[in-house]
Every structure is written in structure tokens, then in C-alpha cells.
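Scrolling down, you'll hit the structures one after another.
The following pair of complexes shares a single chain, chain A, combined with chain B in the former and chain C in the latter.
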Partner chain A sequence: MKALIRAEIFKLFRQGKTYYALGALFMIEAVVMISAYFEGNNIIEILLDNLRKSFYFEGTLVNGSLLVYLLLNTLWFHLPLILMIVVSGTLTSEYKDRTLQTVMLQPVVKWKYILSKYIVAILFTLVVVFFLALSSFALSYGIFGKGDLIVYLNTLNFFESSEAIYRLRWSFASGALSMVFFSVSSLTIAVIFKEATKTWIIVAFFLVLSNILLKIDFGSNWYNHFFYAKMNDTWQYFFYNTIPWNLVLHNSLLLSIYTLVTMGLGLYIFHKKDIG
Partner chain B sequence: MRRLLWILAFTFSQTLSAQVVDADLLKIKQRMDSIKQFSADLTLNVDISFINMPTKKAKMSYTKGKPVKFSSSDFVMIPKRGLDFSLAGIFEYPFITIDRGEEKRNGKTYKAINVIPTDKKADFSIATLLLDTQNRRIAESEINTKKDGSYILEMVYENAKKILPSKVAVSFEIDRIKIPLNFMGKDTDIDRKQMRAAGTKTGKIYLQMNNYTISMN
Partner chain C sequence: MIVGTKLSKSFGKRKVLDEVSIHCAAGEICGLLGANGAGKTTLFKILFGLITPDSGSFSISSNGVKPIGGIIEKPALYEYLNAYDNIKVFGSIQGVPITKSYVEMLLHKVGLPTDRKDPVAHFSLGMKQRLGIAIALLNNPSCLVLDEPFSGLDPLGVSALRNLIVELAEKENLAIILSSHIIEELSRICHTLVVIKDGKIVNAGPSQQIIANNTDTYAICANNLLASDSIKKYNPVFKGQCVQVTIAADKVSELIQDLHAENIFVTSCTPEINMEKLFETNAL
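On to the complex of A and B.
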């Protein structure tokens, strides 16, 4: 099993699209930083426009905390999309190049083979989120300095610098769970559809649909508390005035179960399906 | 008859001129004018339904004839009204005062007066002041501005001798923030009823001043 995992890691870092994807991710980071440098004050002006009538403002809110928060928001769409393309590509490229058939001619257990892909996908996702967080903190605070964070979640919430860092760190950790779910889902989709283009269309559709379903409120308690899409914004709960830890734990646990079920489904289908 | 009318008119005009500016207010103004400059550490607590902000600290400094200055190492929201302890804003343009009798606050009786500016350039239409005539200072003021709604300032003093308040509660009207949908952050709940009902809210900010350094004339 260890040998399989090592081989998968080797393959992942040998394929060119991994680096294109990581490059794209850091390009997004650079674009967010540059736009924040030029547009940051306008964003804050819009947020605080109504308050300007009654208050003078001392200090700036365009700082490292706001920048990390803006970069964190790539967890909505940009980051999961990139991860899903890379992760699903690890299997679809094997179908396309027929290397999968070559591997299966070796004494390799099918479910162990695909499980190693899932494990590497999870590790890769965690590493990417970790480096995104690390670079976000280093660049944002390095260039823009520390300061209070302002977030609008139905109310305007202000967090002092140290509190902002604490919440941003937890948010990245929670977001990593959500990213793992999308990565695992994309690999399961790749198991089902095999062909790269089809898989990428389906993963993009799945991501868009998940985001739409997250925003829809059918007024059902069951839907809001147990449906998978509703678990994927848990990382935003850290920016409520009081962190709803019970809800965070509930959602994280449930999302982990959904991730395992999706992985189990992929393992089952791959094990049952013919390679071809 | 004509003589009687002249006497009445003369008496009435004398009464009016006597009411033009309240003597107690002038005494308070004179006392406030004696402050050449002051500085203090400021602690701010915001109480607005749609804003969650931790306690903030800042430094304030005032020099006679100049606006109050603030400095802080982090982001603070300073109310536009409520920190004008010198009452310069009220006394900037000519005004008249009307005696409104007495009013009680927390078991204490204060003299209530209305301040009405006679110059159109003044940024307020009327101010109601509660004067602590015994200690020559303002206890409460309600200022109706022409552009920024009305403000109520409630002052608390450390002791009878103090000229500047140790605590001020500023109540004001504030429009609920209108943010473009899905602008930053989590999906924003859209409650149309709530949005329609939102309108203007009342906010309050509590200021606490410590470590005063006052230099008098």
C-alpha cells in the first residue's frame, strides 16, 4: 500500500497540469492582492458608507487581515475547481494513456490501487490549502501589515488583529475539510465517467450546483442541517461574532462522513467495474 | 390708550432682550473657554444592532480653536458629535436661548434651555441643554442637526469639581447599511420584510475618558 501511495505521489508531481494548476492558484493570489491594493479602499468605502454620516474613521481596514480573508474566499469556487481538475486528472489521464491497464496487469489489488489515489488526493488537497494559507498570511501581513478585520455577515463584524488571525487560521482548517470533500468527489466522478473532458464538465457542474444549493433555502430543517451542500460554508462560521462551535463540529463531522461515503462509493464502483 | 400701548411694547421688548442668552449658559461657556488644551485616553464601546465591534482605545487631544484630534494604533470609529466638550459647535454662530424650566435626571434637577441659532449657517436647528448650574457644566444635550439627524449626549462627571466628563453616552440616528448582495463573505440572508423595515436605527456609543491632562488659561 505504501509503495502504491509513493507511486501516486510521484505521478502527481510528474504531471504538468499539477504545476499549471498551482501556478494558476498563485496567479489568483497575486491578482487578489494587486486588486486589493488599488480597490481595497473602495470596498471599505462601500461597506462603511452609511456610517460615514455619524462617524469619523481612524486607522485603515485595508490590511493583511482583510487580504487573507479575501484570499480565503477563493475557497468558494477557484480553489475547489482547480483541485478537482488536478485530482480527477490523476485517474482520467491513466484511462486515456491506458497506463491503468498496465498497472492492473501487475499484482495490484484494485481497491488498494484506487484507495491510494484517494489518499494522495486528500494529502495533496491538504498540502495545497496549507500552502495557500501560509502564502496568504506571509504575503498579506508582509505587504499590508496587521490590523482589524471587517466582515459583513448580515451584521458588520469587526475583529481585532490577534482575533482575526485566530479565526482566519481556523477558517482555513475548516475550509480544508470542504476542499477534501470536493477533491474526493471529483475522483469518484472520474471513476464513473473515465473520460477527461466529460469528467471536468461534470466536476465543474457539481461545484456550481453545490454552490447554488448552498444558497437555496427550502425552509426545511433537515435540508439546512444535513444536506451535503449546506456543510460547505462552515469555514465562514468563524466570522460570526460568536463562533457557533456546536454547528461547526456538527457540520465538520457530517462532511467527513459524506467524504468517506463518496470515497466508499468510488472504491466500490472501481472495484466492480471493468478496466477499459 | 396710545401711551399704554407704548408702555406695553417697551416692557415686552425688555423681556425679550433679557431672554436672548441664558446667563447660566454664558457662565458655563466662560468656564469651558478657560480650557486651553486637554488630552485624554479614550475607551469606546459601540452599541448598534447591526455592528459588532470590540472595545476600542484611542487618544484624544484638544487645543482651543481647533477640532479635536484622535489617534489610535488600530481602527476606531469616532462619533462626529459628542466629543465637542467645548461646545464650540453650538456657540459658533449667534443664537438665542429659551428657558424651559427644570428637568430631572437620576434624581437631580437641572435647568433646561433651548438654544436656537439665529444664523442660517449654523448646522443645527435647535439644541436642548440641561445645565448643572451649581457645578457650571452641561449634564445632557440634545442637538437636532440640519443634515445628520438628532444626537443626545449624556455626560457623567467623576465629581462635582470636574469640568470635563469622565463618561459620555452618545445616542444618534443611523441608517442601516445597504450592502450589494453577496458582497464579501457568506451568502447573505435576504429578508425582504426586514430590509423594508430596516430604515433608520438608533445607535449608541459609550465613551470613557481617563488620564485627563488639562491646561487652563
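On to the complex of A and C.
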């Protein structure tokens, strides 16, 4: 199993497309920073227009904390989409180039092979989120400096600088779990559809649909507390005035179960399906 | 030895293999001849365990961890990796300890240069075939299955690969099954031939016997053939320096001797197999 994982990591980092994807992610990071630099003050002004009549604000609110929060918002779409394309590509490219067939001509256990892909997908996702967080903190605080964070979630929430860093860290950790779910889902979609273009379309559709379903409130207790899509904004809970730890724990646990079930489904289908 | 017995497989309503049996002993080269879509690749995929037969069984006598190795259709390699890294990846996933000297030995065995460091995307098809065989030989399988190995190769590539296959059967004592839709490629090196049509075996046996049983005409090339009297009794059809004659297999050597007596020296004598007869008769 270790040898399979090592081989998967080796292949992943020997492919140009992995670096294109990572490059794209950090380009987005740069673009967010540049736009925040030029547009940040205007956004804050619009947000605080009414409040300025009643309160006095000291210092600049376009600071590193706000920038990290803006970059965190790439977790909604940009990051999972790129991760899903890279992760699903680790399997669809093997179907397309028929290297999967060559692998299966060797004495390799099918389910172990696909499990190694899932494990590497999870590791890759965690590493990418970690480096995104690291670079976000380093660049944002390095360029814009520390400061208090203002976040609008139904109401305006203010966090002092140290509290903001604490919450942003936890948010990245929670978001990583969500990213892992999307990466694992994309690999299962690749197992089912095999072909790259079909897989990408389904992956993008799944991501958009998940985001739409997340926003909809059907008024159902079950839907709001147990449906997978509702688990994917848990990282936002860290910007409520008081962190709802019970809810965070419940959602994280449930999302982990959803991830494991999705992975199990992929393992089962891959093991049962003929290759070639 | 590899033995497949009464293997059948359908895709939807279409039966692609119908009770196909095949066997190949150690050190033997068995040729599977069939047109495109005859079921050759499906049979190989079953032997490799890539697809499950609807009925029938197969067994491979082997004590090793890898009873069978081979290539299906074209060699599928990681094009962005070089030859060394391809062997390293495919070797490591099956637990083969990969050292530089081991890789060089493998590359040398299949006749590939050991100093190429560029990605295999730059390799010719012949080189990829050889690398595919090197990967197939990892973990010392007792049986090698090669699907259309000569397809797309230039004459030099075909000749080199043919020599390699014969060498592997003779020196490594491998049971080798080859497929092709071109009989000339198979008849040169295969001990036995199996002819498959629409998923059924229609002819099988020792190569030379199959060729003799299904050959009515021979192409004989020599100078001054027009002057020969002995050739006239075999319905000759002259084509430049060659002549096509209708003759029984056991009479060919007699004709060549007669031509020699007439001071006509034969440069080649090629059986022209009656493909219709080969594919239509002897449904087994």
C-alpha cells in the first residue's frame, strides 16, 4: 500500500498540469490581493456607511485579517473546482492514456490501487489548503499588516486582531474538511464516468448544485442538519459572534462520514467494474 | 502453461466470444489470428483478469506473484516519464525492488538504450513496444501475452521485435501468445496458430500444418521463369520476375528441383494462404 501511495505522489508531482493548477490558485490569490488593494476601501465604505454616523472607527479595516478572510472565500468555488479537476484528472488521465490497463496487468489489487488514489487526493488537498492558508497569512499580514476583522454575516461582526487570527486559522482547518469532501467526490465521479470531459462537467455541476442547495432553506430540520450541502459552510461559523462549537463538531463529523461513504462507493464501483 | 477453456463473453446482446479454448505451453509461441473485431483483445482481457467471462475458465501454471504479463492493444505508458521512471513506477507498485542496475538489465534485455533520459512521449512506437515488454517482464511472469505487437512498426522494428519474442520463448522459457490480423507475421515465429472469427475458433493446430492445409497457391520468384517447361503444368500466372502456381504443398520441393534442373534458380517461394478457406472451414 505504501508503495502504491508513493507511486501516486510521484506521478502527481511529475505532471505539468498539477503545477498549472497550483499556479492558477496562487494567481487567484494575487488577483484578490491586488483588487483588495485598489477596491478594498470602497467596499468597506459601503459596508460601514450607516455605522460611521453613529460610531468612530480607528485605523484601517482593509488589513491583513480582511484579506485572509477574502481569500478564505475562494473556498466557495475556485479552490474546490481546481482541486476537483486535478484530483479527478489523476484517474481520468489513466483511463484516457490506458495506463490504468497497464497497471491492472501487473499484480496489483484493484481496490488497493484506487484507495491509494483517494489517500493521495486527501493528502494533496490538505497540503494545498495548508499552503494556501500559509501564503494567505504571510502575504496578507506582510503587505497589509495586522488589524481588526469586520465580517458581515446577517449582521456585522467585529473581531480584534488576535481573535481574528484565531478564527481564521480554525476556519481554514474546517474548510480543509470541506475541500477533502469535494476532492473525494470528484474522484468517485471519475470512477463512474471515466472520461475527462464528462467528469469535469459533472464535477462542476456537482459543485454549483452543492452551493445552490447550501443557500436554499426548505424549512426542514433534517435538511438543514443532515444534508451534505449544508455541511460545507461550517468554516463560516467561526465568524459568528460566538462560535457554535457543537454545531461545528456535528457538521464536521457528518461531513467526514459523507466523505467516507463517497469514498467507499468509489472503491466498490471501481472494484466491481471491468477495466477496459 | 496457460489454458483457457470454453470462454464466452457477451457485451449486451452481442456475443464477442463463444466457447473459445486456447492453450500455450512453456517455451511455445502461440499465434491468435483474426480480423479486427474477431474477439482477440476480449480474450486477452479475460486472460489478464481485466474483464470477467460469462462462462468458461482459464488457468496459468505459475509459482510467481505475476503469472502473466503483456501488452493489450498499444503499449500504454506514462508519457511524461522517462523509461527509467516508467519501470520504477510499474515495478514499485508490484513490490519489485528497483535499482539502477536492474532497470539497465531490463532495458538491455529488450534492446533499449540505457542512456535515454527524455520522456517516453518522444519514443518511437517500436521503442514503446519494447518498453512495454520490459514492464510486462517485471516480476518474471511465466506467460507473456502480446496483442498486435507488430502493428504500426516499420520493417526493421518488426524484425527486431520478432527476434526478441523468439529469444524470450527460447531463453526464458516463456509461454507467449501473440495476436495479429496478418498471418505472415505470425506464421514466421509461432509454433501453433489459432484462427478466430466472430468470437469462434474456426481453425487451430501447428502453424505449418495450418498453412499447408490452407495453401493452394505459391508465389515463386526466379529469373527466366518464362523459359521453364516444368512450371506450365501448375496453371502459372506470371507477375514480373515471379509466378503464382497452383500446387499441393508436398509437390513444392519437386517443382523447385525441376526448376533447378532447368537452370532456373529460385530466390523465394512463398505460400499464398487461401484466407477464405482459412477463416471459413473447420469450425471447431
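Operating definition for what follows: the second predicted complex is superposed on the first by the 275 of 276 C-alpha atoms of A that agree within 3 Å, B and C clash if a C-alpha of one lies under 4 Å from a C-alpha of the other, contacts with A are read in each partner's own complex, and residues count from 1 in each chain.
By definition in this document, contacts are C-beta pairs under 8 Å (C-beta built on N, C-alpha and C of every residue); 3 or more make two chains touch, one makes a residue touch a chain.
All of these numbers come straight from a predicted model, not from anything done at the bench.
Of the two partner chains placed by the overlay, only chain C lies in contact with A:Phe10; chain B stays clear of it.
Once chain A of one complex is fitted onto chain A of the other, the partner contacts of A:Lys215 are limited to chain B, with no touch recorded for chain C.
Looking at the shared chain after the overlay, A:Asn241 reaches chain B, while chain C stays out of its contact range. By the document's definition of touching, of the two partners only chain C reaches A:Ile275; chain B does not. After overlaying the two complexes on the shared chain, residue contacts for A:Phe38 are found with neither chain B nor chain C.
With both structures placed on the common chain, the touch criterion links A:Pro107 to chain C but leaves chain B unconnected. In the superposed pair of complexes, A:Phe158 makes contact with chain B only, with no contact to chain C. Overlaid on A, the two complexes show chain B and chain C touching no common residue of chain A.
Those residues of chain C whose C-beta lies close enough to touch chain A in the complex are 45, 48-52, 65-66, 68-81, 85, 89-90, 92-95, 132, 135-136, 138-139.
By the touch criterion stated above, chain A contacts chain B in their complex at residues 43, 46-51, 53-61, 69-70, 73, 147-148, 150-161, 163, 214-215, 217, 233, 236, 239, 241. The touching residues of chain B, counted against chain A in their complex, run 49-54, 58, 70-81, 148, 172-180, 183-189, 203.
Listed in rising order, the residues of chain A touching chain C in the complex are 3-4, 6-7, 10-11, 14-16, 97-99, 101-108, 113, 274-276.
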